[in-house]
Every structure is written in C-alpha cells, then in structure tokens.
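Down below is the structure, laid out as structure tokens.
Labels for the chains are A, B, C and D, by order of writing; each one numbers its residues from 1.
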Amino acid sequence: MIKVGIVGGTGYTGVELLRLLAQHPQVQLHSITSRSEAGMAVAEMFPSLRNRVDLKFTTPENAKLTECDAVFFATPHGVAMAQAKELLAANVKILDLAADFRLQDIKVFEQWYGMPHACPDILKEAVYGLPEINREKIKQARIVGLAGCYPTSVQLGLAPLLSPQNGFSKPLIDAQRIIADCKSGTSGAGRKAEIATLLSEASDNFKAYAVKGHRHLPEITQGLKAIAGHDQVALTFVPHLTPMIRGIHSTLYVQLTPDGRSVDFQALYESFYANEPFVDVMPAGSHPETRSVRGSNGMKIAVHRPGGGDTLVILVVEDNLVKGASGQGVQCLNLMFGFPESMGLEQIALMP
Amino acid sequence: MIKVGIVGGTGYTGVELLRLLAQHPQVQLHSITSRSEAGMAVAEMFPSLRNRVDLKFTTPENAKLTECDAVFFATPHGVAMAQAKELLAANVKILDLAADFRLQDIKVFEQWYGMPHACPDILKEAVYGLPEINREKIKQARIVGLAGCYPTSVQLGLAPLLSPQNGFSKPLIDAQRIIADCKSGTSGAGRKAEIATLLSEASDNFKAYAVKGHRHLPEITQGLKAIAGHDQVALTFVPHLTPMIRGIHSTLYVQLTPDGRSVDFQALYESFYANEPFVDVMPAGSHPETRSVRGSNGMKIAVHRPGGGDTLVILVVEDNLVKGASGQGVQCLNLMFGFPESMGLEQIALMP
Amino acid sequence: MIKVGIVGGTGYTGVELLRLLAQHPQVQLHSITSRSEAGMAVAEMFPSLRNRVDLKFTTPENAKLTECDAVFFATPHGVAMAQAKELLAANVKILDLAADFRLQDIKVFEQWYGMPHACPDILKEAVYGLPEINREKIKQARIVGLAGCYPTSVQLGLAPLLSPQNGFSKPLIDAQRIIADCKSGTSGAGRKAEIATLLSEASDNFKAYAVKGHRHLPEITQGLKAIAGHDQVALTFVPHLTPMIRGIHSTLYVQLTPDGRSVDFQALYESFYANEPFVDVMPAGSHPETRSVRGSNGMKIAVHRPGGGDTLVILVVEDNLVKGASGQGVQCLNLMFGFPESMGLEQIALMP
Amino acid sequence: MIKVGIVGGTGYTGVELLRLLAQHPQVQLHSITSRSEAGMAVAEMFPSLRNRVDLKFTTPENAKLTECDAVFFATPHGVAMAQAKELLAANVKILDLAADFRLQDIKVFEQWYGMPHACPDILKEAVYGLPEINREKIKQARIVGLAGCYPTSVQLGLAPLLSPQNGFSKPLIDAQRIIADCKSGTSGAGRKAEIATLLSEASDNFKAYAVKGHRHLPEITQGLKAIAGHDQVALTFVPHLTPMIRGIHSTLYVQLTPDGRSVDFQALYESFYANEPFVDVMPAGSHPETRSVRGSNGMKIAVHRPGGGDTLVILVVEDNLVKGASGQGVQCLNLMFGFPESMGLEQIALMP
C-alpha cells in the first residue's frame, strides 16, 4: 500500500482520480487539497463518492503531502511546478495532469501558457507520461508530466506509422502533411463556470474552436517528433466541441509515400500494439465509438484506406478523463511503483 | 409601427425577444441595453441574428428609452422597478419579464426576493401578464408584470377546474391538495456562468431542486386564488431540471370532489379554451411533448383520469422562453397596442 | 465459482449483466443465447466487451443451460416461464428480469401482459426479487422474479412509511392517496428499433406516457400491499420519458395522517435503511441526482416536507439498468449462492 | 398562389416541408401522400402542426397530384423517377429530395444506389438543385434533383476556391487532395426505426461511419468538377454522427498551391458570396456553430489558415433539414415560379 495525495480535487480529473484510486487495491488516499473548499467532505461535493471516500478537502498547508509516496496534481497550469521541488526533496513522486512538465522547450511552454517556468532543472528530468511510448522511462521517473487528452489520442493513433520500431526502414507517410480533426466532449473544458459550456449553449450544437492555435499543438508535435526520431513533422490540428460529456474521437488523415502504398496497415497496427493492455486495434472496417470506452482506460483504433487511395484515415477513441487524463495517471503510477500496469484500471466501459 | 426598447438583452429571454420582435411587422427595435457589453453588436454576441438585427448594445444612459412606445425588461429582479417611474412618466409602456410586478403582496415579494420593493404605488396598477386570464386588463395596462414560466403552465393547466367561469357552481376539486410536479429545460436557469447547468453536469442527469421552496410558489398561489375567486388554495410545487434546452412539462394532480366525479373534463377543457389562439387542448388520451411547442408560443394540455378514479392528471407543455416568457410578452404587447393578438407569434414549432 | 447462463443477451439488461458478471469473482460465464445472433461473438455486437467476454451467442438448443448453476432471463415477457420447468428440474436456479414471475395474481398477469401464464405452480414458489424487502426469502429461492425498474424505486421509497417494521403502530400516511411521478431515461424502453426513442425524437424533449395505465402499476401495488401488510393501498403512477440514457427519478407524494405529523422522517428513513449496503438516505434537504448512481447499484433517497405541511415528498434515484434490473439481479444471485451481497457490485458511479 | 403536393410526408424532410410551406404566402398545400398512413390527419402524426395544416395523408392514387403546380418528393430513392414522367406530362414541376435526379452518370447512380434508373431521358434535363451554383438553370427547370445535405455544405464551402468565377486564372488549391471531415446530427439518418440512432445508442457518443464509401461522395465529386470546370478533383470524405438532432458541420482541409499562398481568402469568400441571401461569410477568426442556423435556411462559413501555412481550413454549418434539404427545396421552388428567393424562408434560427 502506498499513500497518495491529490492537489486540486474539485475538478473533473480530480474526481475521476478519486473514483479510480478509491478502488485501487494498493493505494491509500492520504489527502486531497482545495483551498476554496477546505473543510468540506469530498462526498458532499461528489455524492457519487458517499461511503466510498471519507476524506475532507484540506488546505495545502494542512495536507502534509510530504508524507505521501506520490502526489497527483489535478490543478490549473502552474501549480505543480511551484511545489515540485519540495515534494521531490521529501522523496515524493509527482504526477502532473496539467502542462507544467509536458513541454521540454521552455520557450514554447512560456509562449503557449503565458507564464515563466518555475523549475527548468526539474523539467529536464521529467518524463512525458505516455506509457505506450515511454514505459521504461516512466518506471524510473520521479516526476511525470502526463500527456494531454488530445495528444494521447493523436500520438498513439500515429505512432505505428512514424516509429522506427514499426519495422520499415523508409517513411510510410508524409509527416509534414498530417491532419488531426479531433472532437471532444465538454468535460474536456473542465468543471468551470462558463457560459460556452452550459447545456443550453453546448447541447444540440457542434462547433470547432481554437483553429488558430491550441496548446495541445506543440505538445503533439513534440511527441510525434520524439516518436519519429526526427524533426520533419508538421500537423494541422482542429479541435471541436461535441455535445456529450466524455469522449474524444480523433480522425487522422495522412498521405502515403510511394513506399507506404504496399504496406498492410491493419497488420502493422495490430502488431505494433499486440502487447498493449489498453490499446485495442479494431478489425478492418470498424468505426470505433466513444461510448465503447466510456469510463474505461481503453483506447480503440481503426485504420481505413478509402478507395485504396493514398490517404490513410485513422480513427481513435478514448475517454478523455480516463485514458486521456486520470486513468493514464494511474497507469503511470502503477509503473512507477512496480504494480501490475492494469491494477485498478479494469473497469469495463459503461454501455449504453 | 411602434418603437420598442429592451433593457438587458444578453440573456435568453432577451435574445428570444429579439428573435420575435425582429420578425414583428408592427415593431421597430429602437435600442437594447447592456452595461457590460455596451458597444458590441448584438449580432456579434448572437450570430443567429446576423443580417437581421443591426443594433448594438448601449448603456442604459445612452439608450434614450423614453423615446420608446414600450420597453421590455429582460433583467434580473429589481431592475425594472428602479426605472418604472421615469418611463411611465414619459408615457412609455412597460413589460417586465422579471418578478418586480408579479406579486401584489409586498411582504411576500420582499420575503422571497430579499429586497424592498421600490415603487409600491406603481405595483398596485401593474397587471399580471397572463392574457388568457387577464386579457381585458392587459389591454388597458400601462405596466405588465409578465407571468413566470412555471406559473404560466400551472395556472392555465388548472384554470378550467378553478374558475367560476367553468359553468359549475360547486367546487370540482379539492383546491387545497394540488400537486404540481414540474420539469424544465436548463434555459430556465438563464444564460449565467454556473457549474450546475454545465452540459457536463446537467446532461444525462435528472434532479429535483428547491423542494423546500421556490419563488414561483407564491406567484402560482396568488394566481390560482385570483382565478378561483377565493383564498382556499394550496399546492405542493416541485420543480425538476431535465436535460434539454427548452420546454416545461407540468404534471398536475388534483383530487376530485364528489361533485367533480360526474364532470366530462375533456369537454370542459375544450370549451374553456375554445377561443384561445395559443392554448390547444389535445384529444382525450394524448401525451403532449415539449418539442411540439419548441420555439412557438403554443401551449398544449391533456386531461387524464387514470382508472376513472378520483385523481385527475393534467399534462401541460410550453416553451419556457416563448409562452413562458418572451412570446407571452409579445402577446401582451399586441394587446396593449391593439394589434392582433397573434401578430409576430405564428412560428410553427421546430420538430424534430 | 458458479456457472451462469444468460438467455437473451442482446438487450440492455443483457449487456449490463455481461458487464457486471464479467467482473464478478465467483462467476464463470457459461453461455449466452440469442437465436437471431447465434454464432456472432458477443464482443462484436458490444465492442466495450472486447477482450473481456469471449463468448459467442448460441441458439437456446446449443446453450446447454442445464449445466449452469444459475440462469438469467433477459428476455421479453413469456420466455422464462416456458423454460423454467426444465431448468428447475436440472437443479438450475432462475433469475427472471422480465415479468413472468413478478405478479402472483395470474388474472392480473394475464390482463396486463396479454398471455396465459405457462406455469402457475412454479409462479407460486417464485420469490419477488427485491432484496431490501425479501432478503431471507431470496436466500432460499430457486426462482426469483426480479422487481421492475420503476417498482424498485417506488417501493423502496415508500417502504419506511408503510412497513410495520418502521416502529410505529399507527399509519403515518394515507396509503390510498399515493402519487408516484416517475421519470426514466430511454434505456428503460430497451434496445429496440422504434421511432419514439430515436435521438431525433426523444432528445431535447420531455413527455409523459401510459398515463391511462402501465404494467408496473399492478406490480407496485402488489409490492406496497405486501410491505404494508394490508390491502388498503392505491396509487396514481405517471411515468415520463426524459432525454437521458440511464436513470430513474421518482418523486413520491404522500399525505400524512394526524399520527404522521409528529414523526421525524429523516430519522425514520436513516434508521430503516441503516444496514443496507445499496440504499443511501441523503442528508436532510438533499436533491439526489440520477448521475450520482450512474453505472452503480446504489439508490439514493431524500425526504422533504415542504413548508412543514401535510404532504411528504420523497425523492428516489437509481440506475434503471443496475439497481433497477441487472445489478439487482446480481445482488439476488449473491444472496441465492451465499456470496457477500455486494460482491461484484462495488463499481462507483460514473460522474460526470 | 400555387398548388403544391408532397409525396411521402411522414419523414423528417416531409414534416419540415410542411412547416415551411404552411407559412409560405404563395403556396397552397394541395395534398400529401403516405400509403401506410392514408386517412390519418397530418396533425395527428405531427402535433406541432395542429391548427396549421388541415390535410390528411392520402394514398398516391387519391392524391390527384396532376392538379398540382409542383410536387415535392420526400421519399426513399427510386420513388420520384417512377412518377416523374406522368407528372411532367401534366405540366407539374418536380422537386426531388432523394437522389434520383442528382447523379448524371447513370452507371454511378446504379452502382451506389443499387437500382436501375427508370428514366434516363428525364434525368438528362434535370437540374441539380443548388441555387448558389445553378440559379439560372433552376429558374428554367421542370425537374430539380435537390442537392444532398453533406454535398450542399461541402460544395458551397469549396466553390470560392474552385470556381473560375473567383477571379483567379490559376488554381489556388490542390483539387486532388481535398479532405472533408463532416459531422451530422441524427435527423440526417431519417425518421426510421433503427437501433443505431436510438437516443440510448447515439447520445453521449460520437463515431465516424461509412469511411469506406458514402453515397454523397460521387455527388460531391460531380458537383465540384462542375464548379471547377474540369475533372481533376478528388476528395476524402468522412462523415460522422454527432449527438444532436439538427445540423451539419463540415471541416474542410485543402492544400494551397504556390499561387494560392498570396490570396486574401477572407476577402475572396466575402466577395464570392456578397449577394447571396442565405450564405453568410463570418468575420475572420470565427467558429460558426450549428445552432446559429438551427431551423433556418442560412449557411455560415469561416475561413482559417492556421499558422499562415499551406493548409486552409474552411468551417461550414447548415441545418441539414433546411438548407440541406427542405429549405433548399423551397428556395428552388421560389426560383422556379418567379417568387422572391427568400419568400417563406425568413425564419430566424432558434437559439438557444
């Protein structure tokens, strides 16, 4: 049993962590912080946790986080980097669900997040939390910057095409002409009082947003470059808001190179992810649905080549709060502490 | 053509007024105020009005509302009563969509709305804006306090049973044991940044609220007493939030008196509303749906007597933003200025 | 480990059974039948079960159900009673999610379900599957007719008021004037191709249905009479369709007797359900939400007495597919085989 | 006043025609056919039309369609072509909402629709019903094959880039590398009893479909070739089902040619559509929402060039039942009979 703390437990990734960790056989929930709600029982704010989570929210000062073995940050950007040094010094492992430890290029971080980075030295040792790509590094990490929700789906959707480990010596696709058309449920916008995500505004409605530029674009680009092992990667990323609570559906379009035309992509994907517990390559011709992973840590991928042409279409679904956030966090936690990777993550999707 | 101003046009009743008035053949939109959005084009905030409404939001100071023939208040409670005196003095007719001029008992107003009433004298002359009940008074009114959304559905659902004009000399129901189980879409909560009505919170979810007491309870009670012509009226009112944008469905339960047992209620309702342009009594056995009035000023009512017993069940649907608010406002405006009552209100419901 | 079969696994209660049983530590899924889908892998129809359920649908003839320890019927009404005799003879315990073994009065069954009962003798020994009321009988049962979704919520919502075990010698409420205004998500209508429950028809919409009479009315009445220990029970039951997938919210209205006026109902409910693992009496003043039990076997109840008057309002929420169907089925299975009652049912609700 | 008939009025495009035509000042609804519902009042099936449409459904035999000035076919594919000859002979103009008269290449029609074409000669004279492209031909047409819902949004979204009338002599984009990622509400699937579009299946869910090939692909390709004036056009078209009732959002990706890099696309689009009553080019940087055209015949378009790169992103929204079907039908009707093009089509979108 390890002791786990959560900083910032009142948002959606926070309550999702609570759902998962409360059922994890090797985790003892130690404390959960919220300055604004200090003193309130967690189960009062989230009645779904009544009789399952006994904690109260506490102020960061009273949370004694240094007693923990690991601490999750389910906070706005900027919080984790302010507390990382002290926790690491106390031998506490850190998992950040925000962006403080995702982008290795500090200038890029500062450009997109509008704040200076508080601990560039710690950032250097931070591992990007995408287990299917970085499993061995995560096992050794003291601090993990968990992959974002969109970036998880786009990177795992493209990795078999870009990774040198796919067994092909030549490029299969034009890595500079990638298009990622992504659709997210509204929980991706967080548990924040905002007009744009009211049911009256966002339901029975569909729209794109941030077409000019989205913070996940540099994260995806960094990740794809790392996977490809070179810098010749560029993509157009258009996120959309879809009227549902949970789920991301990424539709990825890539152009095949002449070398790529003879590849059996179905076989490639199946082989690439053959041993992954959470990535499911669907049979040829499938159309994965977001609900088929609702509430689970699974990801489902289908590969299409319409008309046998030069455009490959990859469909990827995940639950943005699980595989796209808190579930992936628990997956990394398991790796960091030597637990079986699927421990506490075996929930079957809720369907219908 | 009359000149009409709107105070507070950034909420749902405001934009709904704009939709209706922009198509009204006898109305010229004169000005629309919003302190926070002054200077912004209305069509920038509400793109559905592009090329249909040319106005910009202005501050109340610059709106020259005294030039109008009529002014709607689509504001929080308390705003209309602060400006009523000046407008009336300038010969401007007032229609208030908030509660300032609904409750004639000032103590009750102050108890439920937590503020003193600013103009009790004007309140006295204000007419309650429910045309099917108060048509003649509205025609003569200088100031109308429009009926609330729930109260409209409950009062019109019960009026044929309570009104002395129903042709029965004895009481048909026990007026002290009325139950109103009401369900509203989230637009009833307004266009306000709040967590509880986020799509992520309110969709795929159902709950009651304010069971302890809701501001519409005293309004309904006042209205039913006025309809019945006596004070022996009491009801239990439970509002619920349902995951849809527009629509109220009120399910009303009343106990028949021995005199009521022999009445043909289908015939009574059909007769009572025979000449009403906006109240549609459905055929016996019907289950009206909220969508059948979506976007229209219509109300649909069905009367059931399950098992032929002593409990009568009345089903009432309306669009809370139209017949429950802005449409009813235009209906009153038509009456106040001698236009045909249905002018500008002939939209057919959007279905599906 | 026991072997469990499922007859009719292509509907919502069937797939929900699969979700729950696949995670049950003492259950081995033995076979699942579907005549129309025989030969298809379960996980092909329900991709959420890929890598979790290996079974294929088989014809009833090939299912070898007599090898099972228990068989669930997740079928239309009439199927279970046709197969019950043979299974019982083979020492297989039966849990029917349909209505074949709910109503003890055969005439009532035949009137509401329009078919003769195939095995009145077996019906006599069948136990009504509502563990909080019938726990001891279920432990001994060979055949259980599981309570319906609405009936579960209404009966458990009213039991503390009606049961002689509530510690009051006199009636607390007028048991002949009960009103149950119930709202259900569309999964209650089943996985059937029908226009009325298309998203295009049922979303952004609210309506009552079957006000004239619903099959659950006689079931509720039978259950309440059994709980009360007398026949003087009558209720008005109005079901509504609400635009969400899962969840039932029952709003119950009862009239207090003079003896009931002095009772502390909050304390009564808390005491009555103090030892129940799945019934959660919320703190005074609460408004339970259906999503707080989404995907879980929990039920939440709140008791209100608006204005301190004579009308008591009880709010009850459950997931119609779990506590209202398949979860309750597993709960009964646990009782029938001596497993801990909560085994395999400890999922935390999915929120948001 | 002209007499208009509708063949097949029980689907969504049929009831939408009724909503629009019932309010059209120059149209008299003459008859509406449905073999299955013959004898039923239209308003019984669609209560939103009570007191607005008095017709009953009749059999085709009794409908006397040859008395009409124009007949709409809101039927499955194959019906219009069987009746076209007789109607044309009686001097009745035809508007087909299905696909019988969209594809000029009979082989392509037969390949995608799986039936021989019944009247190739009539097909030859049929005009493709997309007024912004074919206005003058529609004015002269006896028979119009209305553009499909997806094809309308994709063609109008791309026309300014491809049309020789855009004022550029050289190609601006690579017309052989177009990607159309389209999202539709469920009403696009029609009013048909099907499991896949049940609220329980399609709500809180998102998926692609028909990635292998969709009937609208050849229609879009034919249309884009006609607009471009050459055959070097190819696109990848991926439709998605989104959990809402009405609305299509098409996200279009095109690659600029070197000649295209210096073009001001915002100005190009604004100029191209400057005189169109129903196509609204939004200000630079906009993200149009489907709800901003809900229930209206408007289309909104925004043009983006993320990062100033070589990929242009065009966002297009329409109501699939109005501009994508019945509204466009009325627009064509107006053209065919010399009415003002916007007559009966001035509804403002319903928002929220």
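Note that a contact is a pair of C-beta atoms (placed from the backbone, for glycine too) under 8 Å apart; a residue touches a chain by one contact, two chains touch by 3 or more.
What you see is a predicted model; the values in this text were computed from it and never measured.
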Chain separated most widely from chain A, comparing mean CA positions: B
Of A-D and A-C, pair with higher C-beta contact tally: A-D
Intercentroid distance (Cα basis), chain B paired with chain A, Å: 46
Chain A and chain C, separation of their C-alpha mean positions in angstrom: 37
Whole-Å gap between the CA centroids of chain A and chain D: 39
Contacts with two or more other chains, residues of chain D listed in rising order: 12, 185, 187, 191, 200-201, 203-204, 243-246, 288-289, 291, 294, 352
Residues of chain A that touch chain C when the two form their complex: 12, 15, 19, 22-23, 46-52, 187, 191, 203-204, 245-246, 280, 282, 286, 288-289, 291-296, 300, 321, 346-352
Residue numbers on chain B that touch chain A, as the complex places them: 12, 185-187, 189, 191-195, 197-204, 243-245
Sites on chain C touched by chain B in the complex: 177, 179, 181, 183, 185, 200-201, 203-209, 211-213, 234, 236-238, 240, 242-247, 249, 251, 253, 255, 285, 287-291, 294, 304, 306-307, 309, 311, 313, 315, 317, 352
